[in-house]
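Each of the two complexes below includes chain A, the first together with chain B, the second together with chain C.
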Partner chain A sequence: MRDFELLYPATIAEACQALRRHGEGARLLAGGTSLVQFLKEGMYVPEVLVALQRIPALDAVVAADGGLRIGAMARLTDLERHAALRQAAPLLRAALHLVGNVRVRNVATLGGNLCHADPHADPPTALVALRAEVVLGDGAQSRQLPVAEFLLDYYETALRPGELLQGIIVPRQERGQVSVYRRFTAVSEEDWPCVTLAAVGSVRGRAPNLACAALRLVVGALEPRPRLIAGIDELLPLEAGDAARRETLAETVMAQLAPVDDLLGSAWYKRQIAGVLAREALADLFQQGAAP
Partner chain B sequence: MAMEAGSSAKGSSIGRSIPRRDGAGKVSGSAIYAANIVRPRMLHAKVLRSPLPRARITAIDTSRAAKVPGVRAVVTARDLQARLGCEIIFGSVLIDQPMLAIDEVRHVGEPVAAVAAEEPEAAEEALGLIDVQYEELPPVLNARDALAPGAPLVHQAMNLSGQYKVFFAFNPVAGTNMCNHHVITVGDLQAGFAASDLIVEGVYTSPSTQHCCMEPHATVAEYAGGRLTVWTSSQAPYAVQTRLGPLFHLRPEQVRVVVHNVGGGFGGKSNLKLEPLASALAMLLGRPVKHVTTRREEFYITSKHAVEYRVKTGVSKDGKLLARRCEVLYDTGAYAETGPIVSMKSGYTAAGPYAIPNVLIDIKCIYTNKVPAGSLRGLGVPQVAWGHESQMDEIATCLGIDPFDLRRRNVYPDGGLFVSGENLRHFHLDTLLDEVAAASGWKTRRRAAADGARLARGFGMACTMKNSASPTRSQARIWLSPEGVAEVRSATVEIGQGAGTVLVQLAAESLGMPVERVRLALLDTDVVPFDVGTISDRSTFHMGNAIVAAAADLRRQLLEHASRLLEVPKENLVLRGEAVCVLEAPERKVSFAEIVSAAAPEAGLLGEGEFATTSRLSSIAEQCGEWTTPFWDVAAAVAEVEVDRATGKIKVLRYVCAADAGRAINPALCRQQLAGEILMGIGMTFHEEMRYENGQLINPSFVDYKMPSLRDTPLSVEIVLAESGHPDGPFGAKGIGEVAVPQVSPAISNAVFDAVGIRLTELPLTPERVLRALRAGAKG
Partner chain C sequence: MSTAQFDPARYKAEQRQSWNAASQHERDRMPEIRLTVNGRQERLTVKNSTLLVNALRDQLGLTGAREACGVGICGACTVIVNRRTVSSCLSLAVLADGAEVLTVEGLSDGDRLHPLQQAFLEAGAFQCGYCTPGFLMSGVALLATAEDPSEEEVRHFLVGNLCRCTSYQEILSAVMKMKEQASPDWLQPRGGLSARPPA
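On to the complex of A and B.
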């Protein structure tokens, strides 16, 4: 690892100034869990690290219209335990809880997780399913973008030079809305997931005559960005007892994915697993819907 | 953790789970490792490694690198040869490995050039500025290909000058890639097959894996006043001394080796690793040199042998094994390392712990253009056991015999005639099978889930045997200070296994002292006497015996001096509570401290002891019936698993292992060792594999190479610690540091077969392999 200068700006404006001044030579530092790995591997060789730790309130979680605004520097463990978040976005909480291990979650931030833009990350899959948006700022102005448009490719985001991620706006999950987050690790339990899947929907009726509508399914880890499964509206409302249609839905999911062979498994295998997760997620949604 | 109170004069020190001696230092961070050593004027070394599996080096330009501020030297093999005027090739068995590649690179990650600089960062920067021109050559990337006629030779000529013949039968084959080839035959194989009712054949493969020690390799070397001192992360300081010296025309006593704590060894630190190059640089530059590897580099230094195990077995209807033919290919990578030993020592047990009248074992240790493979916990036995224990299950299925009964019917009894021609001494695997069956409820086991359900459960079993290194020698001293404190001077290395604690217990017991009054000396070859190494499960047994002998020597001196002081014949005296007392009148006594002040004021008393074994593996070449090992590692295990038919994922619900410790000197440490072995076996079974693509290692980091985490452990691990009392062990003890690894993979795979009826023959058992087999099975 090469030497670098470590800056502690006191405001977002100062941080962005530093980014502009040092251009390519600067990197933002949040919890450092991913950044340090990249420094050690020589993937990033920055001259300046701009640490965000001392900017006040950048880790705050506040109510925003129709949901919550999570500060970029909020740590995953704190979010997992956040009562309002648990209520407003149980899907996100479920995804956060499965990230790495407790040592990582105690340090890693949600902003860092998103900006690192590793396609295997858990939170993005859930955030896309929830239609969350990011708030990006350059110290003077800010703009808002759906998470789905923020993530571009492997380790690439829509951040512009001199810009940083300030916060994430997560819409409140509606009453009656049910959600599931699932991930599958192919090697160690603590490995990066081989496939992730988030589902949000609403289940109506009384067991056993349940039907699922307004279903949003997102599959992660298989492609450079989370994939929102298209064309499932025509299968809705989906009745719990309609086994054939449930299977059609699982096959729709599998058909849309374009996984690649890598150390976590072959494309064939990952597609099978996505199908398994989709079937499990549906079953889980119906189960939640059946609960009084 | 529940802990018994410290030992007192009243109780015995044996069989007690006293706290580890190395624990507090490690937990508090005060423990010293080689990487912590700092010497005045010390330089830092870094190594440029080959990006290619096989290539000719046509040019190396170091001029730009040499200009980096702080860089003191950039050296190649040619520089070392010219300026040091010494041999730069070393090895464990064959002298075949250059400190820096000479004209040709033979594996990805092989050191090509070295930089020494004032700061590690400067050395690192300089590495990027060394310009090496390569002419690529076609590599040999697996053992089978390496045997093919016309395959490129990894070594054009094998250097046979430096073979260490003492250990084992050794037969490199000139003009081939085989650095050891050996065939063992017993009985008449053809007749055995002809008489068989059933013949089963199979090939079982296991990949190369990594040691993954928490501490990477680290060495500091200093040459001053005609002596070379190395502080190093070694499991075998005297092996470093005896092999390093000759490289530089130094006599053994001119080489001093100091070993503080070692953060895990598992066999990967048992021979020369960084020491030769660090020493060469220190001698060349006249300044101390430190070399510490990164995690990534660890993957290029040494590894476990990938093995292809081919087996054919003939059985009678009633389940008697009549004939077995094994061919075992060990991929030893670009340098032999301990490969010839690993192949021979696991190879001769490749037919398994079963009395089979007709056997042929064909052992081949083969060079390829991959990372060198050497010793790794279990020393090749996990790879062969994967095969023979899987096949035992297949045979049981074919014959409709319970796998336990099949094993019980064929397992060697104590005293059984082994393929080596020796009668297996103190070999109680039959009892362990009974114990593991009882503890796991084997006979009353019930498969939980019905067929067709997504989750299916099953039970599997395995049992194995492994030898220990021989002939070897251990020496020990115990110094009794004027204050009456005993200091144990032993070259056994604390590699995290708890050896230091156990040796203290043995010394305390032998001297009738509380463990609190016994300490361990720093491991410095100037202070501690010879030991061959902390390898092969041998320390408790060998060093333990040497310490017991040293204590006996000290006891004899104490009795003699006390006899004079008390004016009572020796025969009427006993050691009790740090004093020598008169047998009939225990109140008449003289304390250890009083004896020392009278007999050797200020100096203290010194007891010396030695233990050496004569059994040797080379005897099996002649099958002359000599023992090949001082003791046998034997264990049996049962696994219960749950297989997810949808994903192929296997969960180990319960794992029961029965292992024989001879005598558990420290039961908690024994259980910790066995649990650690099982976890390591879990890694080999499910997770670990050094993945190569075109000779490139594609997962040399812990992001991509996965060890098991605590969340991957079986839901329940139960250990049956058998104590059969080995007649030659100190207080009956023998080693248990490797015994429980080899059963894990086959026991689990056999349980998978029991659960879902698929037979897997390739490790690791990834969920994808399981799912593919399930799908193939469903179709077929």
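On to the complex of A and C.
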């Protein structure tokens, strides 16, 4: 690994200034679990790392208009254990719990996870399903973008030069809203997922006459960015007993995906797995909806 | 065919030599960090790019943590920094400035093994032993912080440690067996070894 200069700005404005001064030669350092791998492999060869560790309160989690605002430097283990987050966004909590392994989660941050923009990462799939937004700042001004628009491509985000991600705004899951996060690893448990799927919906009625409404399904890991499945509304409300329509839903999911062949599976295989996850997720939503 | 045998003393001497080969100018620019390792205050001069695993091994002679996969999956480099397990092969040493670090060498009190080490021994929770320091550090961290973890929780916690000899059942049973005995002070160093290369 080539050596680099390390800066510790004390404020967001200083950090953005350092980014502007060093341009392409600078990279932000959050938890470092992904960045250090890229440094070791020589995929990034920065002259300067701008460390965010000493900017106060950048890891704070606070209540914000109907949801939570999570500081970019909040570490995943801390978020997993955060009582307010567990209550407000159980879907995000479920996804965080499956990221890498506990050593990674002890160090990795939610902001870093999003900015690294690896399509296999778990949190983005859940965040898109929850309609979460990112807060981007350049030290003077800030702007807000849906996570779905922040992630552009493999390791590419909508961050402009001299801008950094300050926080993530996660809307509160409403009462009666049920959710499920599923991932399938094709090789072994600790490996990158082959397919991820997040579902949020509301289930009405009493078992066995349950119906699912307002369903939002997002599939991750298959394409450069999480895919929000379109055309679901036409299938709603979806009755639990309507096997044919449940199958149509799974087919709708599979038809919209454009996976590629790689070590985690062939495109055909991944599409089938996405269908399986969609069927399982729906069953899970109904089960949660049936619980008193 | 002869196989060159690994000689720890020679390895350390070589590391020392490469360290001395760094120019004075280079060393003047390197940050000095202060940290507590296994209860002992240490001052180290490192590069910004020095990994914690290498600082521990090459400068302090603590070779229990080893870099194997290099990407945070296998857990062979697991150490505890400020009461949390981390992959020391993905940690920049310079960020450990001011930290409290516990390595496998700090588990025993010098004469007696740590209770979890003893449990591993009794359960036969290893074959080649390469992964053992990592599993011990993960096990200690889990048992010291989780209250009465279920078998599923223990499995989930240990998912990031690989044993290629597949001693998983024995490792799991050793950790589960120590649930009752564990306490938060397991994260405190107990003296143990603090090996150091010759000056």
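Rule of thumb we're sticking to: the second predicted complex is superposed on the first by the 292 of 292 C-alpha atoms of A that agree within 3 Å, B and C clash if a C-alpha of one lies under 4 Å from a C-alpha of the other, contacts with A are read in each partner's own complex, and residues count from 1 in each chain.
Here is the rule we use: a contact is a pair of C-beta atoms (placed from the backbone, for glycine too) under 8 Å apart; a residue touches a chain by one contact, two chains touch by 3 or more.
All of these numbers come straight from a predicted model, not from anything done at the bench.
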Superposed partners chain B and chain C on chain A - clash or fit: clash
First (chain B), second (chain C), both or neither touched by A:Gly32: second
Which superposed partner A:Gly265 touches (first chain B, second chain C, both, neither): first
Greater chain A contact set [chain C / chain B]: C
Partner chain in contact with A:Pro171 - chain B first, chain C second, else both or neither: neither
First (chain B), second (chain C), both or neither touched by A:Val187: first
First, second, both or neither for A:Pro224, with chain B first and chain C second: neither
Chain B versus chain C as contact partner of A:Gly205, first or second or both or neither: neither
Touching partner for A:Arg103 - first (chain B), second (chain C), both, neither: second
Partner chain(s) touched by A:Asp3 [first = chain B, second = chain C, both, neither]: both
When the two complexes are fitted on chain A, the stretch of chain B hitting chain C, from 471-479, 543-551, 633-641 or 669-677: 669-677
Common interface positions of chain A, toward chain B and toward chain C: 2-3, 37, 101, 189-191
Sites on chain A touched by chain B in the complex: 2-3, 37, 41, 101, 184, 186-192, 263, 265-266, 269, 272-273, 276
Chain B to chain A touching residues, read off their complex: 121, 125, 646-647, 686-687, 691, 698-699, 701, 703-704, 706-709, 711-712, 766-768, 771-772
List of chain A residues in touch with chain C within their complex: 1-6, 29, 32-33, 36-37, 39-40, 49, 51, 53, 77, 100-104, 106-107, 189-191
Chain A contact footprint on chain C (complex, rising order): 31, 47-49, 51, 70-73, 75, 78, 84-87, 90-92, 94-95, 138, 156-157, 159-162
